[in-house]
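Below are structures written as structure tokens.
What follows is chain A paired twice: with chain B in the first complex and chain C in the second.
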Partner chain A sequence: MKTLDARGLSCPEPVVLLRNAMAAGEQAYQILVDNPASRENVTRYAEHQGYHVTCTEQDGEYTLSIVK
Partner chain B sequence: MDLRKEKTSILLAGAVIGIIASLLVFFGNPANMGFCIACFLRDTAGALGLHSAAAVQYIRPEIIGLVLGSFLLALGKKELSARGGSAPLTRFVLGVFVMIGCLMFLGCPFRMILRLAGGDLNALFGLAGFVCGILAGVFFLKRGYTLKRTYRLPVLEGRLFACIQVVLLVLLVAAPSLLRFTQSGGGPGAKHAAILISLAAGLIVGALAQRTRLCMVGGIRDLVLFRETKLILGFVAILVSALACNLILNAATPDTYFHLSLAGQPVAHTDGLWNFLGMLLAGFGCVLLGGCPLRQLVLSGEGNTDSAMTVIGLMAGAAFAHNFGLASSGEGPTANGKIAVILGIAVVCAIACLNTFRKKDA
Partner chain C sequence: METEVKLTKLAACAGCGAKVGAGTLVRMLEGFETHQDPRLIVGYDKSDDASVYAISDTVALVQTTDFFPPIVDDPFLYGQIAAANAMSDVYAMGAEPKLALNIMCIPERMEAATVQEILRGGYAKAYEAGAIITGGHTIHGAEPIYGLAVSGFVHPKAVLKNCGARPGDALILTKPLGVGILTTAAKADLVEQPVLERVWRQMATLNKTARDIMVRYPVHSCTDVTGFALLGHSFEMAQGSGCSIHIRTSQVPFHAEAYPLAEMGLIPAGAYRNRDYAARGVAAGAGVSRAMQDILYDPQTSGGLLMALPEDQAQACLDELREQIPQAAIIGSVTERLEQWIYLDE
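And then the complex of A and B:
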């Protein structure tokens, strides 16, 4: 599983990170974000690409697990 | 929230925002300018004496409402978060040039939609430039453009910008003699809805934009970059509802709310090339900033001090634009304005390149 740290990045950089990682062909990802807008954007994009997303929150930071 | 629900809520929010924008003109705002973030920040800068263009000086309560609406909703949803430190000075400079681009065109991306909804065909040249500017920004985003991370800041830091808006409101209501106002009949600054109406409109739109993450630049950017249609639905909904409301007002009142033409449009000029280049600069700069001027106001309300810095850059840009004769008028663009827009495109290109291809320096 590839881990991406997108905490603190401006919109839409977290999604671009995930998009570029997906282009490299991994099957599962974990992505860290720190605001609700990024969480929504990443979730929407991953689901649109046919992945399943689960989210856990701790202290204002979100860990999104993204698997096929 | 699932995707269908997100899309429905942004469509509804866009429809409400379009109606509010159209009604603000009915209540006294300048024509095709129910909302214009660039114009309203410029008017506010003028009221504070940061520039002395007598025709455009008034503290616009819509701006105050937008920030406070976003602040209050973020507070209620526990989304308020003090953050900053992602290249604030670069964001300031981008803000300055985005404003110079907007004042070449005479409107921010939001007003560009409202100008289209009022039948102003010059805005089509602006829209074409805006799309090209966004494509330029997307080119760099795809290749790894970033202004690096934001960091958590002390709680007060994230609330100061909202506090400043309250101070502006107090000044407007309680100490107007300290401020500068456009004389009645002296220009767009003299045309405004009553303070309470403007403030309420700003609060509602700020809250809706916070809730839906509405962004004029994000709509086209996400469509190009990810084939994602959520944000552009908001853009389209504003256009359709403002157009419908303008047509109704046109039929029901003696005033003109819709007039399909190039010439004779309110607070607009007919120079297609410079309308195009002005919005190209604005669109390019906004992609590099991560959102349009409206989105920057909303983010600053949520506690993002980088966005607050961008808004201060926008206001400084407005002051420069009027102090150095860069802003267009109904007569057309100025020679100084053309030089500033070309310079702006060069500076924004340089910022994009240096933050895309030289990242190992950090």
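And then the complex of A and C:
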């Protein structure tokens, strides 16, 4: 699993980060974001690419687990 | 046109996407003491586009300001878009802009030539609008900001508020949506150059033509669609008018390229703020897709006019608009107040 830290980034940067990582062809990712818009956008991008997404929140930060 | 300066890289938010959420603003303004003045035709109590003050029985002063960080890298284009956007609020009131002041913030490291190009863009648009920029104020800051404070004039009886829509009105929108999604996706290099150039041209287009045609018809209400998106501004129009608004989403003009990008999650944060603000008043039909809703919540920079006028006049007005603005469309209607403020149908 590849872990990506997108905290402090604003849209569309978290999506771009994930997109670039997916280009390398991993099967599973974990991405950290710190705002609801990034959480939504990353989730939608991953689902659009055929991945399954689960999200956990702690102290306003979100951990998105993304698997095929 | 390519330039050395990547202006958009200097800004965290793009264009009207930087706007503070409508709900946040309403809460912050609560409880402030203000003077009552019978000459004040439009104040901030109705969340309208500009303030309007009657100077005499035949002349009212319209005042507004708008500014934002760079939405494009070309400084001349940025200046034009910021100025067109600032003057749009005046057109939305049915008025004509006459005087303007620059509002500018520049990072100390920004080259003088870039600053001059931004200003040249503003002056070019003001000239096209028939308005005069007479000065302004510039400060140093971390992010570039440019816009105008604009004064215009209108007959006090011809002021078009965002709260005058009536049951039986049709709604016309004059510019296609999707600008926020496309400029966000452009930051990820996911938009083709010809598409971007189309969007840039649209943002730099004054709402002057739309206004000049609109004032020849018995329009009841008008607003410009900007940072709060079609649904945020429709929500304000519905609430202010005490009516419900029905939008036929299949009739809403938008840039087709924005749809697949919305599906991919290339959505500006401002669209989520707009959803948080307006969704409680919106009933979306089952056939209205998530991506379509994203486009309706998408913050627009220098968007078009949304006008409400009697249904039997709407087609004639639209026909005239379309001679010069082919994308203009009738997108819905106004009814008496129903359970929800806004209904979205296919």
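Just so it is clear, the second predicted complex is superposed on the first by the 68 of 68 C-alpha atoms of A that agree within 3 Å, B and C clash if a C-alpha of one lies under 4 Å from a C-alpha of the other, contacts with A are read in each partner's own complex, and residues count from 1 in each chain.
Keep this in mind: contacts are C-beta pairs under 8 Å (C-beta built on N, C-alpha and C of every residue); 3 or more make two chains touch, one makes a residue touch a chain.
The shown structure was predicted, so the numbers you read here are calculated from the model rather than taken from an experiment.
After superposition onto chain A, the modelled positions of chain B and chain C overlap sterically. Using the contact criterion defined above for the overlaid structures, shared-chain residue A:60 touches chain B, although it does not reach chain C. Looking at the shared chain after the overlay, A:42 reaches chain C, while chain B stays out of its contact range.
Once the two complexes are laid over each other on the shared chain, residue contacts for A:15 go to chain B and to chain C alike. Of the two partner chains placed by superposition, only chain B is touched by A:7; chain C is not. Of the two partner chains placed by the overlay, neither chain B nor chain C lies in contact with A:26. Looking at chain A, you'll find residues 10-13, 15-16, 19, 35-37, 40, 44-45, 48 touch chain B in one structure and chain C in the other.
Partner chain C is touched in their complex by these residues of chain A: 10-13, 15-16, 19, 35-38, 40-45, 48. Interface residues of chain A facing chain B in the complex, by the touch rule stated above, are 7-13, 15-16, 19-20, 34-37, 40, 44-45, 47-48, 60. Of all the residues in chain C, the ones that touch chain A in their complex are 12-13, 184-185, 187-188, 263-269, 271-272.
Here chain B touches chain A in the complex through residues 1, 3, 6, 77, 79, 81, 83, 86, 141-142, 144, 146-151, 213, 215, 218, 221-222, 225-228, 230, 289-291, 306, going by the rule given at the top.
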